[in-house]
Amino acid sequence: MKATILVHCPDQAGIISTVTGFIHSNKGNIVYLDQHVDKPANVFFMRTVVEFQNDFSDLEHFKTLFQNELAISYNMEWSLHTDDKLPRMAIFVSKYNHCLYDLLSRYQSGELAVEIPFILSNHNDLRYIAEQFSIPFYHVHFTKANRVTAEQEQIAILEKHDVDFIVLARYMQIVSGNLIDKYPNKIINIHHSFLPAFAGAKPYHAAFKRGVKIIGATSHYVTEELDAGPIIEQDVTTVTHSHTIEDFITKGRDLEKIVLSRGVKLHIARKTMVYNNKTVIFS
Amino acid sequence: MKATILVHCPDQAGIISTVTGFIHSNKGNIVYLDQHVDKPANVFFMRTVVEFQNDFSDLEHFKTLFQNELAISYNMEWSLHTDDKLPRMAIFVSKYNHCLYDLLSRYQSGELAVEIPFILSNHNDLRYIAEQFSIPFYHVHFTKANRVTAEQEQIAILEKHDVDFIVLARYMQIVSGNLIDKYPNKIINIHHSFLPAFAGAKPYHAAFKRGVKIIGATSHYVTEELDAGPIIEQDVTTVTHSHTIEDFITKGRDLEKIVLSRGVKLHIARKTMVYNNKTVIFS
Amino acid sequence: MKATILVHCPDQAGIISTVTGFIHSNKGNIVYLDQHVDKPANVFFMRTVVEFQNDFSDLEHFKTLFQNELAISYNMEWSLHTDDKLPRMAIFVSKYNHCLYDLLSRYQSGELAVEIPFILSNHNDLRYIAEQFSIPFYHVHFTKANRVTAEQEQIAILEKHDVDFIVLARYMQIVSGNLIDKYPNKIINIHHSFLPAFAGAKPYHAAFKRGVKIIGATSHYVTEELDAGPIIEQDVTTVTHSHTIEDFITKGRDLEKIVLSRGVKLHIARKTMVYNNKTVIFS
Amino acid sequence: MKATILVHCPDQAGIISTVTGFIHSNKGNIVYLDQHVDKPANVFFMRTVVEFQNDFSDLEHFKTLFQNELAISYNMEWSLHTDDKLPRMAIFVSKYNHCLYDLLSRYQSGELAVEIPFILSNHNDLRYIAEQFSIPFYHVHFTKANRVTAEQEQIAILEKHDVDFIVLARYMQIVSGNLIDKYPNKIINIHHSFLPAFAGAKPYHAAFKRGVKIIGATSHYVTEELDAGPIIEQDVTTVTHSHTIEDFITKGRDLEKIVLSRGVKLHIARKTMVYNNKTVIFS
């Protein structure tokens, strides 16, 4: 049985040897270990993958020991993840189909180790894709007037389907603080610029107006401040004076889908940790 | 004899055939032609390289004809450049030496077709490099009090040396509107971020704080608004959570020198045109 | 009415002005022109987009004039393309679905200006995707024994559907010289390496063994020599010692689909010309 | 006092906890640890940086213990490096100056933590640069006839100056097996292509002929087989049909100097390990 353990805590001497010694003495074999120290913040981060000879019943015992013997004294925040249950990923979309198609074709190919209980949209335009891939589709209509009840409807759907995290695949609707609080660092958005440049609406238009020679895309965890959450992944491509705004949008689509899927895959693999509105991305 | 002709004017039907026909009937052979139409602005841009059988005395006649027969009726702004005289490039520096070393080693290798009449600095730190390469060095000291006279001194030096354009190779001093007016679209700066992200001071610190996964550099023509002039060239490199600010600075140095030298080479080759605070960069 | 004209011929003085003058005098307005001279080979290439006031009946007259008045004397190979009829693109696949999904989702989004009369495969594995997108699917089984008749079957299907060009979207079957001769520079393949490195089978395994730090993908026109045809587009991504062959394959999939779709789009837009086993790719 | 420890050995369970426990119990604080397991080869690699309260005299004791208590039983190859002595780096050049200028300007800026006892060349062309930077210059002339004695002269110079590693900064002369044996995995070369494409002479010419859309550079450790040693670092840049061979060479120069300096910096920082003709590059 294999488990991934994520740890962060105030940095101090001896953590690595203590944790690895603890794991070893509890019959775990470390097959991967990476660590990072944020020196200015004095925080220690570690990700380790451990193979246990034990079975799942023993794992509960291991977790109790880990909490009592290590976590309390080192003031750790930590989590342990096994592969026996696939995370459940909801996809929110609006009208653009490229990120949705990309995620679903990866899912279909077995590239994403998740279950997708449903696709949700504030429009009906992409219902046909959900049908192509035989995935349930919910249409939750938003108006200025119904915002609160519409969001309650969203949350009910999420809870009913026991969703672990949400991917905003070009979902063109502000997500409220209420929803974010329920899924902290569990809502992944794709923004179509290299943030912090061109946050907000119409970034390709703004990039065109500024005359940049490079455009980008950014996947990040959603926080209350728009387009200001912890960045997971970014990539860019070159443009020239000869490209129109429409060309920017077309070239950008390829960036968006790649950068979003990379962010989603890092999240699924438990390779992301968030601290001080930044991410640690393990290799 | 070879000449490069740059043209921009309001777009209309027939410009290309008229200009190419004119050149052909005046014994010029077009060896390169590239054009661009900014549709929203309705402006036509053209760069062409022409081989003339004629010698330089005839060229003056050609220019008179071009002005009278083409430029007036099409409302053209245009210029014609020959290779018989190297452009004279001044370099302004402060304390960082990497861009200066890079420019001078390219110059020494014959990669930059310019003359470098002098290096100017508001500090004496890099005088030794000027001496290594046997190039005159001027120290113009700036204080809050002497700003106006110091700038007058700068301008006197520039004019005395008949400078064609200025490269700010990490020159850490604001350039005044007065100087910019004398060298419009002829002052090239390197900014150590992918503009418009992180304009202003300490961009690497700001990038580190934001937790970006990509850092960049931008070469641009200097205008009165800080770091907001027409972009010539940009490039980026990836960073991770494990990089410190010092690592950003080190990685950034390589970007800065490459991006600045590319911008300088495009300028020297007359491949840049400026319009509406953006550049057209010909291939 | 808009037309794209592609020309190549031995280089000589005056071609551009002659061609542009001819177009202008025949009531065409040049809205785009790009040219290239291969100096070592002394060949001139030109791509121009022309807006005609005339309608299609006049176009035949224009083409006759172009042939008689220009093409013969300059020894031109040339072609003229209008947008009134979408090119017909056949897709050949085997068992990998990522390139197929990518092409079909772009097609569905309107990003590819083609008709897709059918998908053909030597296996039945991807039939379900053709059904998802409601596109006819042909299974042509290949064995060592039936190679000749199987290929005749392929050609019959291609001809019945009046196919203009073929995309090999990870089609794992050698294409014969017979088929290539019928579609010269009209069969686009994606190879999963940065050619000429790692031509042939299992390039990711070879790249892993060599310990490269960069892997790539290449789209190219198919010629009789395996993986040696004119390169249309290439791109790369970084890898490290920590990536397994499986990781190479996963990262490579994203490259393959991007590089193939770029190649296909350039071909559709008539931006490619082939000469001496190399391509000219217009902007 | 800080030390970097590099370890590789056959993989088995418990290595990390054993090594970290040993370090901790010997009053070392691990401030960095990265590990890699080559699964197909079943080899474990580790790089760790340790802060000791002890002083240097104790370090010898630590090393003895490490060897006796860990290295023998785990069958480790290992090394321990401190920063009290800068490595001594010889530079070999021929006629191209860009890599040499780049290395020396980095050295002058304090970016390379080395001593450079001398520059050696088979030509006199770049003597002036050694003089610009006040570094001793040796000219060792090679002919077909004097190859053996010339190499003896090289080795004598290397040994006299107690050189730790050698950088071939576009040194256009085959290095013999004799020299390689004396400096195993300690001679760094820059090759001007993305290996394994275009090994051998004139790679830019070969790349031009093949019509690639990407050119590259590779820094690698020198082994007896030409251009086939373990790759340290690679990078690429895009080219188009409009670039001449001369353009390839010019664009390539920038790649070469960046890729070489990155390789040199990784080597200096003890971030490289070699195994099975491949490298592990620690972060």
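Per-chain residue numbering starts at 1, and chain names A, B, C and D are given in the order in which the chains are listed.
The working rule: a residue touches a chain if its C-beta (ideal position, glycine included) is under 8 Å from a C-beta of that chain, and two chains touch if they have at least 3 such contacts.
Because the structure is a prediction, the values reported are computed rather than measured.
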item: Chain whose mean Cα position lies farthest from chain A; value: B
item: Result of counting contacting C-beta pairs for B-C and C-D, higher pair; value: C-D
item: Centroid distance [mean C-alpha coordinates] between chain C and chain B, Å; value: 38
item: Chain centre separation in whole Å, for chain D relative to chain C (CA means); value: 42
item: Multi-chain contact sites of chain A, meaning residues that touch two or more partners; value: 240, 242, 283
item: Residue ranges of chain C in contact with chain D within the complex; value: 36, 38-39, 194-198, 210-214, 216, 230-236, 240-242, 244, 277-281
item: Chain C contact footprint on chain B (complex, rising order); value: 13-14, 16-18, 20-21, 23-24, 29-35, 37, 283
item: Complex interface listing, chain B residues touching chain D; value: 97-98, 101-102, 105-106, 108-109, 111, 132-133, 240, 242, 250, 253-254, 258, 261, 283
